[in-house]
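As structure tokens, the structure follows; a few thoughts come after it.
Going in written order, the chains are labelled A, B and C, and every chain counts its residues from 1.
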Amino acid sequence: MNLRPRLIAALAIFVGMALVPPVAAALGDPFLTVIASRMLVFAIAALSLDLILGYGAMVSFGHAAYVGVGAYAVAIGARFGVTDLLAQMALGALMSAAFALVTGAISLRTRGVYFIMITLAFAQMAFFFFVSQSSLGGDDGVALTARSTLLSTDVLESDIAFFYTILAVLVLCYGGLYRLTNARFGRVLTGTRENPLRMQAIGYRPFPYQLTAYVIAACIASVAGVLLANQTEYVSPAYMAWSRSGELIVMLVLGGIGTLTGAMAGALITVGLEHTFAAWSEHWRLGFGLLLVLVVLFSPDGITGLLKRLGVGPRHD
Amino acid sequence: MTEPLLQVRALRKSFGALAVTDDVSLSVTEGELHAIIGPNGAGKTTLISQLSGQLAPDSGTILYDGAPITRLDMAARVRRGLARSFQITALLPGMSVLENVSLAVQARSGSSYRFWRPVADDAALSQEAMQALDEVGLADRAHRPARALSHGEQRQLELAVALATKPRLLLLDEPLAGTGGQEAEVLISLMRRLKDRLTIVLIEHDMGAVFALADRVSVLVYGQIAASGTPGDIRADPKVRAAYLGEEEEGTPDA
Amino acid sequence: MFNLFVLQLLNGAQFGILLFLVAAGLTLVFGIMDFINLAHGVLYMVGAYLMAMLSALTGSFWGGLLLALPATLVFGLVLEFLVFRRLYDRSHLDQVLATFGLVMILSEGVKIIWGAAPLSVSMPDVLSGSIPLLGPLRYPVYRLAVIAAGLASAVGLWALINHTRAGMLLRAGASNRAMVSALGVDISRLFMLVFAFGAMLAGFAGAIVAPILSVDPGMGESILILTFVVIVIGGVGSIRGAFLAALLVGVVDTVGRTFGPILLRMVMEPAAAAQLGRTLAPMLVYLLMAAVLFYSPTGLFGRKAAR
């Protein structure tokens, strides 16, 4: 267990990102801060997915649904006069928790390819639910008139203040998940990933622990969704499209599954790459997909293995 | 004599047309070491799996401490003091030796829905886990990853994990599998110490170990109990010699 | 009202048949190789695009169809050779990632080659128009032909699986892969055939649906997820399950969209019924899936021990 270097790496990410706004100001390129905000939002989402996929070995292909639910919590909250960021986060987490509790309980009765397909299907159900809500813009989604308020101030209207707010939330999520994964609960979750049969043979029933982790991950993802809606000032069903769930998995794998630092790094890298590729060509997905296929094919144990061999990857312990 | 700790009545389990456990009845008295021997494919592991709750029998009853446990799952049986080890080592390979054991301690001491306090700071957990490791002689390996242990050490760890659940009845599925020479001797002397304070059901191919350790022996052939008695009785039983021991003396014990 | 119901039932059956054609190959792939393929939906899309291109090229629907079938078969073989066969022994996660990458490549590739705007394919004259059905009710000939073609494929598939040696191996493989390997069968070749054949069926579905739907780059993704629902309900590896589940999903989805609001209007005011109907209708099949899973985690015809 090489925890210290990982903590230092996480700290380096936080400090490095904290320097983005001043650097952007010095370069006269405020757009850098906007991209960095997006990176941080997806880092939160990737952290949450890592809890279930990395630590819990539950390959959920529907995680973007919870990001989307969080985003809609902003639109729904604003409609009913709830504009406070924290209140919207609470609303999003509540909605996500309810959805995750029901669909997770059904999905977790299954394994392997079933679990992957079912989480994907439930996410699609959520997608269609919001597509059919014409009062929320239906297919097209709905533009927000303003960012959320924070403690009755409109401080978040400043891109820089908003950036640091996201960074603070990311640090909190990282800290919380770091504690959780090293606490009793995290050990049970990791143990279940390593060998569910063994866990049963020492007296655990994996199901309630896995479901709890699933719900926690959904809540954190919805927090990312609340921030995403504010970052784009737009809410749309596209946030929960299945390809978004796929991108979240790609982030994890690029950064290293089962390590919180890796999840964050993967999100930063992926969002960064997408922006770079997108600037080159509108068909950037072609290159991105090709990269993905090649890396998986020509690294015998997947992307993590490739990184491991390059000496920068995570280890599974 | 008091009521037996474990009583198996008319247990049956089939896979398709194959009756793997065919009307098995068995009783294990508190404090004894009851060995179950039999040729490969006799259904020994299937029997242990039903006793431990990993497999559900088609019919029959299992009584533990006077109460039926046939419908309880594995976790519930472990909590009542019925632990098992696996023939094919089933550890948590990526976790440390100490973590493997302390998870078993954790399962029976306090809630696992604790999200904040680092488990590494939980002195009570580590202490109990270290005791179990001490008992099997793995204390100096505590911080190694489980996958880095030698095969013999992994077999010792299997035992330590089972012990850490604080069992009253221990089901050991070929604890000596794949070990030889000194590794086997370490494990045999360990079992000798354990049988003084625990009730043990032992499945084993190593006849030397079985006859050295067992208080009673049952012979399982084609899913049925062919004979049951003291080691002396079993050794003398011509049926058993024909069906099983003869083959065993010539062939090498199989993992 | 009754006529509308019959009409929707037929539409549902037609949709279900298409779902079955896409699901058939995929469920075998899942069942035999324990392999998850997210790129199966794009094969349906590729089939439709090839149909659009080839029918325009030959100037005839039939010419297009005749060429599109072997083209998708070859396309499936090439994909299997280049990508899939390297993934069979990998973790589900690797399979998900690589096939997800493939979806990105193929969707984008289609956009580059044919553009993002929807294409259309014209119906052959023989199959255009409609025929009378039950009094005043008329039904498009083409949709009936789709149902007939799908049923014929299903029967052919059934015969193939139940009355040929390859089919016997497939059935055995779907329930016990180790056993088939033990029989000394070249499992990788068997799988290559299954895969390519499945690709062709999906491509066939895409090709025959092209005249009634618009051919666009998103069509593969929406059908993929419904196909998953079909496979989950029917049980992984079960052709029979896929057939029944596909019809069920097709009918529930189609009939639900029309009759859901009508039924709701009987118990609540029209405006609320309309909104609730709009909300519930697209969710129906997923709720159906949830209900089936709640009852049996391995679907209607799945193996009891799901992995």
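Definition applied: a contact is a pair of C-beta atoms (placed from the backbone, for glycine too) under 8 Å apart; a residue touches a chain by one contact, two chains touch by 3 or more.
Model, not experiment: these values are computed from the prediction.
The greatest centre-to-centre distance from chain C, using averaged C-alpha positions, is reached by B. The chain pair sharing the most C-beta contacts is A-C.
Per-chain Cα centroids separate chain A from chain C by 31 Å. In whole angstrom, the spacing between the mean C-alpha positions of chain B and chain C is 49.
Rounded to whole angstrom, the centroid-to-centroid distance between chain A and chain B, based on C-alpha atoms, equals 43 Å. Put simply, chain C touches chain A in their complex at residues 30, 34-36, 38, 83, 86-87, 90-94, 96-98, 100-105, 107-109, 111-112, 221, 225, 228-229, 231-232, 236, 275, 278-279, 281-283, 286-287, 289-290, 293-294, 297-298, 306-307. Here chain B touches chain A in the complex through residues 52, 54, 73-75, 78-79, 83-84, 86, 90-96, 99, 102-104, 106-108, 110-120, 122, 145, 161-162, 164-165, going by the rule given at the top. Chain A makes touch with chain B in their complex at residues 1, 179-180, 182-188, 190-191, 194-195, 197-205, 209, 212, 316-317.
Residues of chain A that touch chain C in their complex: 53, 59, 61, 103, 106, 109-114, 116-118, 120-122, 124-125, 128-129, 131-134, 242-243, 246, 249-250, 253, 257, 283, 285-286, 288-293, 296-297, 302-303.
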